[in-house]
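Structure, as structure tokens:
Chain IDs A, B and C follow the sequence of writing; residue 1 opens each chain.
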Amino acid sequence: MGSFDFARDDSFFVMESLDQIKSRIEAAVPGAKIEIVQNGSPSQQRSLLIDNEHAVAIARFLRVDPALCLDFCSNVTGIDWLDRVVKKTTKVKTLVDGQEKEIVETTEEKIPGYLEAVYHLYSMTHKHGPVIVRMRTADRAEGTRLPSFTPIWRSAEFQEREIFDLYGIHFEGHPDLRRILMWDEFEDYPMRKDYREPDDYEWEPTPHDAVLEKAKQHYTPRPELDGAEAIVEPLKG
Amino acid sequence: MSATIETLEAMERPPVSMASRLQGELLEVSMGPQHPSTHGVFRMNVALEGEIVRKLKPVFGYLHRNHEKIGENTSYLGSMPYTDRLDYFCSMTNNWAYALSVEKLAGIEVPERAEYLRVILAELTRLQNHASLLGFLLSDMGAWGTPLMYAFREREKILDLFESLAGSRMMCDYMRFGGCRVDPSDEWLAQAKQIAERFPKFLDEFEDLILGNEIVIGRTQNVGKLSAELAVNAGITGPMLRACGVNYDIRKVDGYGFYPRFKFRIPLGEHGDTYDRLMMRALEMRESVQILKQAFAQVQPGPVMNPKAKIRAFRPPVGEAYGHIEAPKGELGFYLISDGSPNPYRYRVRPPSFINLTILEDMCLGHTVADVMVILGSVDIVMGEVDR
Amino acid sequence: MIGTGILKGMAVTARNFVGSYFEKDRLITVQYPEERVPLPENYRNFPFLIYDGNDSHAGLRCVACKICEKECPPQCIYIVKSDDKKPDYMGKPQFYAKVFDIDISVCMSCKICVEVCPFEAIKMDKEFELSQRERFNHLLLRKNDLAKSNEYYHRIHPVEAASVDKGLADAAAAAEAKKKAAAEAAAKAAAAKAAVAKATETKPSPDAPPPSQASS
């Protein structure tokens, strides 16, 4: 006892803006394609969408660059974006019968689904952050491959395994990519938005909505008791 | 289970021949999930040479209930009681981290009194978490009963406070987006103040009881050493990181809540061994008492809830936010993506004790089985949070 | 000297052991079934439904709006709305819950149902000795099990119940005052109209409502 010191240094550095970081990465990693993803919420946390090919080089730059020194990868997570249709309405001026008219045109744009991995990077040396980096897979079925950041930040090890387990993103270069929370024989990816849980309904006295529909397939509805749609437990034995 | 066999097959093993049985062979032991010292249902596949650990692979998932999926299927408010069940020792800080993230996502202001109450409750949580951790750690070392019961005696006083304020000892469900649920009475504050002021007496006693004990020192010093570089790289946070001498505390760095208004110090370790980790908790409790004293002196009457914050039909704007706080176990973060609907599109928990387990193997290699339990105890895990 | 730390620790345990005979602070065990710690005012366990007066059906405050059913995080509430209406505590005809079940094996005592209820109809109970011999039906509380009187509520949560009653009384008084004011204003308007009609000595236009209807 008594040999313990207390922290004396409470200073922290102000990080450069995301646009500056973007241009510095582009200068340092030739050929890197970076896009700033806007964020509409009041949190104002914008992120960098980086291309998978140069991802490891970009990550290494963020880690070792003396001004940034993002040595602490706090949070790694996956997101599932399903196929979606974005409707765009544009007003187009056209000549109809010699008169100029405004016509509202609706164009539908199909955006194929993809999986996304998001990394929240902080610096323990300079005490600043976060720089949010995201990568997208080509699609949701075959091309769910992304480079792993575990060789750069050890903290991504379990979290990337978790993403592999729950979302099915294969991280290339991960030293030990196995299922972590689900058992090894499990086949689906439960955190995906289109995951359907298996029909392992267990009897419960007050089923609702979706559970009720499921319950009806297994048990008989309660006879005219009080109008309730509850389900009767089968007689045992 | 075949999972075990595959994992162990993957480990490099010397070839076994009938002639050389038990000579230089690694013995594979599955420690847990039903092990008294694994703090829940946690399992480690350990390869032993004699009594020395040569390989260790943690196995998770026995308490997995897909908390994140539940969060995506529930409204923003409905997830609040579920966060209590993450780290069930510290439901107040879990509530705070989640409320903070949602407040960031939707841009909600929190009234002054509510901010003070949050600090008070978070520090009380830190006190009871660290006290019971020290008790459990000694229990793992074989000091069965006495230190744990002394710690629980103090913890119970704080839980009684939580019960009389929030209605429940452990599942408090106390904070809301834009404030707190109940306004404590002056008697409650006076009682809490008294408990905080008497806490150092317990700390003195506890330090007399264990921290000078030669057996404790012998069991913990130079056991499970962790270098600062590895700790930073592996994303270790909380007292475990500061035991390695890295000055990183989100209360200081982020200055969330009203922490910049308080004077407190961050204890730092030197060696990064189990003894330092144990001492970090003991020293942090004293700093928490200091914060509490200042908070009780500063808290003023006022509203505890932002009247503009909606309880029902709450729909934050489209966007995302990551909020994190310094929970007793480390950095607890919530990452939320809103698509404008009443449920979050993505609800992610960054659990500190899960990520702190990343380097469990590195810390345990070369130590004996008995030390593995001590090292694991000093990591301070709660399976509700690890497996989610 | 080696061993002093251990002796120091032994002294602490000895002090606690001897002290437990003299200091109340050190003897903290409560012999539970015989001895009980009083529950704090805010203690919550499982929800129950409040009724006013003596009749658990007529006085039940719940109007089957299903807000609690929708907001309940573990979905443990099940409500079937009635077909007919009955007067509520304000005298207004309202629907009532034909079925109101709470599965307390699922309920996690979060108190969100109480927070979202606009009618002060559901509150938290303090009953915690609820062990049963059967897992499903015995832990499923029906409307009759859940309905408890306002007096019971006052007994378990005196402070909270008093403020709720005051709020309800204020709301009723405000509603009454509003009704009265509206009636007065309507009467005044009708009188003014009648005066105008009299002065001009013309028939009121057919689409204007007759004064008797306007004042009702």
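Criterion: contacts are C-beta pairs under 8 Å (C-beta built on N, C-alpha and C of every residue); 3 or more make two chains touch, one makes a residue touch a chain.
None of these values were measured; they are calculated from a predicted model.
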| item | value |
| --- | --- |
| Central chain (distance from its CA mean to the mean of all protein CA atoms) | B |
| Chains linked by the largest number of contacting C-beta pairs | A-B |
| Centroid distance [mean C-alpha coordinates] between subunit B and subunit A, Å | 24 |
| Subunit B and subunit C, separation of their C-alpha mean positions in angstrom | 35 |
| Approximate Å spacing (C-alpha centroids) for the pair subunit A, subunit C | 40 |
| Touching two or more other chains - residue numbers and ranges from subunit C | none |
| Sites on subunit B at which at least two other chains make contact | 212 |
| Subunit A contact footprint on subunit C (complex, rising order) | 69, 75-78, 80, 98-99, 101, 103, 106, 136-137, 140 |
| Footprint of subunit B on subunit C - complex, ascending | 2-6, 8-9, 11-13, 16, 28, 40-44, 67, 71-73, 108-112, 115-116, 124 |
| Residues on subunit B engaged by subunit A in the complex (per definition of touch) | 1-3, 6-7, 60-61, 64, 66, 68-69, 104-107, 207, 211-212, 230, 232-237, 246-249, 252-253, 265-270, 276, 279, 283, 316-324, 331, 333, 335, 337-338, 345-346, 348, 350, 354-355, 357-359, 387-388 |
| Contact footprint of subunit C on subunit B as seen in their complex | 74-75, 77-82, 146, 150, 153, 156, 160, 163-168, 171, 173, 181-182, 205, 208-210, 212-217, 311-312 |
| Interfacial residue positions of subunit A with respect to subunit C in the complex | 203-206, 208, 211, 226-230, 233 |
